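In what comes next, chain A is part of two complexes: it sits with chain B in the first one and with chain C in the second one.
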Partner chain A sequence: MKFNSWFVSSFLISFIVLIPVITVFASFFETTSNYYEILKNTFLVEYIFNSLTLLLSVLLLTFIIGTGAAYLVSFYRFPGSEFFKWALILSFAVPPYIYAYSLTAFFENYGTAFTILKNLFGEANYNKNIPKFDGMFGAILSISFSLYAYVYILTRASFLYQSQNLIDLGKNLGFSRFKSFFKVILPAARPAIVAGLSLVAMETLAEFGAVDFFSINTLTTGIYNSWIYFDDLAFANRISFFLLLFIFSLFILENLSRRRAKYHFNSKGGLKQKVKIKLFGINAFLAFIFCFFIFFVSFLFPLSQMLYWTIKFPENLFDLEITNLVLNTLYLVLLSSLVLIIFSLISNYGNRVSNNKTLNFLSTLSISGYAIPGVILAIAFITFIAWFDDSIIKSFGFSSIKKIFIGSVFGLVLVYFIRFYSLAFNGIKSGYEKMNISVDESAYLLGYSKRKTFTNIHIPFLRNSLLFIIILISLEIIRELPITLILRPFNFETFATTAYISASEDLLEAAAVPSLFLILIASLFIIVTSKYILRENNE
Partner chain B sequence: MRRNGERMKKVTIFALITSLFVSTFSIANEVSVFNARHYKADAELYSKFTNLTGIKVNLINGKSGALEKRIISEGADSSADLYITADAGRCGAMDAKGTLQGGLTSPAIKSAVPKTFRTSKWVGIAKRARIIYYSPERVTGAELSGMTYEGLADPKWKGRLVIRKSSNIYNKSLVASLIKNNGKAATAAWAEGVVANMARTPTGNDRAQIMAVAAGEADIAVANTYYLALMLSGKKGAEQQEAAKKVKAFFPNQNDRGTHMNVSCAALVKGAPNKANAIKLVEFLLTPDSQEHFTNNTFEFPMIDGVSPSPLVVNNLGLDFKQDMKTKLASYGKNQAAAVEVMTAAGWK
Partner chain C sequence: MSDNFFEIKNVDFKIGNKVKVKNVSFSIEKEGDIICLLGPSGIGKTTILRTIAGLENINKGSIALKGKTLSSENINIEPEKRNISLAFQENSLFPHYTVKKNILLGAERNEIKKDKSINFEELINLLDISHILNKFPHEISAGEAQRASLARSLITKPDLLLLDEPLSNVDQSFKEEIQEKLKKILKNSKITTIIVTHDSYEAFYLGSKCGIILNQELKQFDDPYNVYHLPNSVEVVNFLNRGILIPAEVTSPKSLENKDLGTITGNFVKPFPIGSSVKLLIQPEDLHHDDTSNLKFEVIDRKFRGTNFIYTLKTPNNTLIPVFVHSHHIHQHEVDEKFGIKRPIHIDHIVCF
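Moving on, here comes the complex of A and B:
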């Protein structure tokens, strides 16, 4: 075992990321009041039932939408197919909570749908005939139409790898298009689909904004509520335990599918350009309609609802300090990306040079941060700092360190770091996996120091992975809600927090302006990098 | 020389890093507000206060739960001076957790706010009532005559009532006041009656309840006073303005203790670094100018005498109703846990 500086730093990083998990489990041993004991069991059953309903419905919907769209744009040419190829990723720009605002704004009594009907057909009470998309159903739609892009991107990438032979195989066997889709194409893309779905699953279980907006009690909002309102850490931890069970099984599933995925993706024949089948007549029309419907519902609909409200209530536009919000968002994005990239590089490199089993195990555990809902991370972080400050720092007679961590940009970025570390770590890891260890050995033979090998050989080689990670992190941070909400400093807002706060105060129309800007900024970002997002996955 | 340069470099870096944190420690003439009321009007009042006194108001906006948790975790080192939120039940619950301190007892505060609406640790800064809205087309005067909160459980309202979820703080406080007046057992039976009368599973905010009556989904709704005025003001668009005209307001319990009242409250946080400034800010919020600003923008009732509510409130809701001055608002926080228990047991979603 070599305890060099690389080892120590990557050990420290893993440890920091693990702090929230340790905190949650450590508080298992705290005593609490048993006032709600009778009610807890009712709650717990409801939380689990709601989480399961939400999870399964979202998985089903994102599977149908994601694989359906990926199949169409990967194998066929039809009007708009080149456009939809990247336009379908735009749904990433609309976080579930903004989708939820749009659904409510459009379908509520006397909402936008009512206005449209009134303008078309004159005065009447249309409210009873307008379907209401709220509660559980609303949450399912909001999350699905925002997250299906995970399944779409990964499945599409895997379809591109499938050699033409597979499609020909179906044809040769005399299968119909539907039959070869289900019997040949889908099974071959299974690892990618599972990987996409498990990302969807983790985000769904961690979802806070939309679920809270529709006031549905899931495990995540349940943890938040019992912690916050009942001050009942033990109950919160009992729920966390169930949630972690869910998440760990997903985690294992995802890892298994990824392991299998290697066999498929490494085949060299996969890179051959396929000839897409041109669709005609009714088939071309149906394919177009399917893709357009998804594009419309997932992106155009929330965008236009927010735009409509911004125009209808323009006074809100002037109330917003837009420059400030843009600067705050950019500041957080830049700072967090920088910190995440630097430390994930160090940690990955530390793993590579020290090749230590304990460290490997720690890193694997520490990437679980992504699976833990932001709300819980933020609360656990505050709990930990408060404990650390009260029982350690103060016992040595130092002054309180709470203000350095709680309500500061430093603390905020630190928790972002914990939450998104796995995105950065895994991204760099997969980059490193493509690079044989013999490259390092050759470098050492040439007299390169470890540091020189790192800066002159590894960094240039990893450039593409790094860019992709920055894109992902930036999108996540632009949309991030619960951590920012709980930990931000005084007088510091982002588009996400402004929108959420207006919405929770029954000022949905005021939430429209920041929501619109959030969508526009994220869309711009996606459009600029879309070629990259799509290409990266082909490699 | 070179070593000196190196050292200078290190010192500069160290200074830069510390300056990142130090800004939070700087001593200034300021007051830090944890604010769970996000009305635009409030922000305008705070900047007025700064112009008048030179005291900077630091704001952190957020949902009450998260703000409360942060105040509790920061404990004695809290950066918060004042916690401002929109329900006496929340201020009461914070008091019960030992996170507040006494001190809001200046003559200015005591003379402005009636005893029912304050303690030494928190005071009401604007009033609202939680009342019944009805459809004049479908509800007769005879049906409503002598109507009380207790009467919401009357089987004659079966399938005709809409009200928010039990997790809503306004409902928790309303039910807490019923427990205070009628006892827990009677309120438990009442909650079951209310659930049996519901026209739909609770969904949406207070405004959505009023619109449900306008749209014909239900005949009566329970919601706060300022929502109807807000809809009538046109700030929510022409459709909601029209919808609001289809419902009427009714103030319950006029023949006994009076209508259930609630407040937006300002609470003094334990360990507040700027306690004196915090008290000044509360006093400022209770001046006639500030109160008028509240009433015209948020459509709440003024906390102090001598200020009239917005004309929209006066004309459409009426003014001369009997307020419940008997039930101390401090009881909302105390009975909150029991209220949640009662509603949950009744199957109130």
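Moving on, here comes the complex of A and C:
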């Protein structure tokens, strides 16, 4: 194999991404480790039990909501169906932790629900009749209503590509609508549903903000607490090891199903455009109610709650240094996008021109970062830097490099890079996949050099993909909490960290303003990208 | 150094480490000549074009254009520096540019040479693509994309033009017209061209020479008439599928004897010793129909080809023989009827193996 610049850059990227994984696994082999003792004498069993309960409940709920909504908007026309088609992905703008704040703010004693009842029916003790959505149940609801869109988007895409012939076949066999759904439509969309649920599962296991807010001890919060409260990085890494085992099983499952999903999505030949069935009467009403309920609960409810508090406590609006937060967010977004795009372009272009199996393998390794929870990434990164600093740098007599990497924008962007590399890499890859390699060869034969082909043919072609990737990265960074919280420089806040800090100090009304801004900005990005996310043709 | 315009000498064509066609040698004598390479799918025809274009390397033999070595074990001039154009079989138009812009990108290269023998307007009219100029590649049909791609390649006025199945996606009804126009453009602009196709009629029409690639080898490289009438191997006969091989015995320097057809006279392309058993090539036009003949066989199939019929006859020894009859022949024969063959049988070129 040629040892060229493509190989070096791909190797470097893979190495950076693999640092946290290696660090976590290295902790497993430390001589002092006694996993049985740790398991017996600590909360690990509780962590695992809670994580599993959370995981299974969220999977069930997101499956019902995501698949149900996708089925209705893909196969039927009813009042608002075109609106719900994209409005249902707005839930992505509300991270689980902000949903958790809204849920608490609304249902807590003397909260918004109480105020509404008091205004409607006068003074009374409504608190005992208002249900409380906290603890595990609150966490399940918060995560589910925020993440169901993964299942919704992928399942809807799969439904869209399902052939009308398949549905006609069901009818031809005398299946009822109900039977067709369970015997034909759902099994055909299974790979997409599994892929969506795997993403939900990975995000749920990685979830930090909401479970921390509801004080649920899961593996993720355990990792954070071991580090923050017990100052025990080694133990944090050991818990990470268990969580990573979970995650990697899911990662493999997701990859396998995605590969199969691709098979389903590509069935283009001889398909008839699916005709949506128009619903009337009670059926149309029920379909509308189902979608509206999800849209209301997942998006309008948290948005209104945050808006209500922002208006009710306007002083918080003025206390917040909004310009600073916007600038900080913009700074992180631009820097991270730039770095991610540049490296992803290099790596993808390298793969394209060299068509080398080793490079392909390294690229596959590099995209595993998205499966690793932010908390693990941040803590493993700190562990690695601390080890590297103590064992390597100082042994050569150099001064400490910790400050360069920990508590710096550089370190933050580096870990964002690991976390979101797959987003940029896969985005560019799918853009490239739409361009046959013979296009490059045609360019060479028209006298274009490799560089000119890249700048004059590839970049203009990938322009839309790049824009889409930048917006997706921005969306992720704006919502991102644990990495930013752990690695941000002193006095450097984002909307997410400001909301989290206020909420963790029990100042929910103060958390409302940054949360509202976060939802609004994220919604804007989602609306801009919805055309791509929900595209209905093969372009 | 030879005087040939283009020359391939002893080249193994490969993709990666897999050799597709071995030890190929052929040449194009004059600028403006058109040659066609024929062979079944997957045999390595495209690999040959890709290698000539510089998209694949060689480690044996040499490829030279206008006396300059382009590829050899030690030399590999980059594709962009060869001035060779390749029109791919699949849609290779730049997806984010309109058809017009795609073609004009080709013209940019030609601007340097100021060659006016190919005019943009004339080209788009000849290839009938004026109506799609402002469309994007995903908005046009496969046949239109192929013609647009052809226009882009032609307008660069390359030293050597390589066309990979250039008309495979063009509608049958339109194909002959495009073939004629293509030949006219290539001849007028004197563009030396190598065309890869699996359609023997297309190859025989367009090419002044045809190469037949079979079983990893260039089996025959000759003018179309010879390839058709004087195939040099059983493999070529089987590939062209325009005749059958029947057993016969050489009875004199100018005759053979077959159990069903009797004596056949003619000129042997390659001499065989008297008394030797051979396989004689019978092509549909070698035998002539005669209702009055007493040499009659049973019709087992009849194919109508517009200008003619091809009858398949079954002999008493179960040999199936094709016979060509003009479609305006006074009457037609039905399956199971008897069909007479004119005697004595005389074949101008006797091809035996």
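Going forward, the second predicted complex is superposed on the first by the 447 of 539 C-alpha atoms of A that agree within 3 Å, B and C clash if a C-alpha of one lies under 4 Å from a C-alpha of the other, contacts with A are read in each partner's own complex, and residues count from 1 in each chain.
The criterion applied here is as follows: a residue touches a chain if its C-beta (ideal position, glycine included) is under 8 Å from a C-beta of that chain, and two chains touch if they have at least 3 such contacts.
All figures in this text were calculated on a predicted structure; none of them were measured in a lab.
Asker: Taking the superposition on A as described, I'd like to know which of chain B and chain C A:460 touches: first, second, both or neither.
Answerer: The second partner, chain C, only.
Asker: On the A-aligned overlay, A:172 touches which partner chain: chain B = first, chain C = second, or both, or neither?
Answerer: A:172 sits against neither chain B nor chain C.
Asker: Looking at the overlay, what does A:430 touch: chain B (first), chain C (second), both, or neither?
Answerer: In the superposition, A:430 contacts neither chain B nor chain C.
Asker: Of the two partners chain B and chain C, indicate the one touching more residues belonging to chain A.
Answerer: After superposing on chain A, more of chain A is contacted by B.
Asker: Look at A:447 in the shared chain and tell me whether it touches chain B only, chain C only, both, or neither; answer first, second, both or neither.
Answerer: Only chain C is touched by A:447; chain B is not.
Asker: Output check: A:439 vs chain B and chain C. Expected answer is one of first, second, both, neither. What do you get?
Answerer: second
Asker: Which residues, counting only chain B, touch chain A once they are in their complex?
Answerer: 20-21, 24-25, 32, 37-40, 58-63, 65-66, 68-70, 73-75, 77, 79, 97, 165, 167, 201, 203-208, 211-212, 214-217, 227, 235-237, 239-240, 242-243, 337, 340-341, 344-345
Asker: Using the touch definition up top, name the residues of chain A that touch chain B in the complex.
Answerer: Listed in rising order, the residues are 35-36, 39, 42-43, 108-111, 114-115, 118, 125, 127-128, 132, 134-135, 215, 224-225, 227-229, 231, 312-313, 319, 379, 382-383, 385-386, 389-390, 400, 402-404, 406-408, 410, 485-486, 488-491, 493, 497, 501-502, 504-507, 509-510.
Asker: Which positions of chain A touch chain C when the two form their complex?
Answerer: On the chain A side, the touching residues are 434-436, 438-439, 441-449, 457, 460-461, 463, 539.
Asker: Mind pulling up the chain C residues that touch chain A in the complex?
Answerer: Answer in residue numbers: 50, 53-55, 78-86, 88, 90-96, 105-106, 108-109, 138, 149, 152-153, 156.
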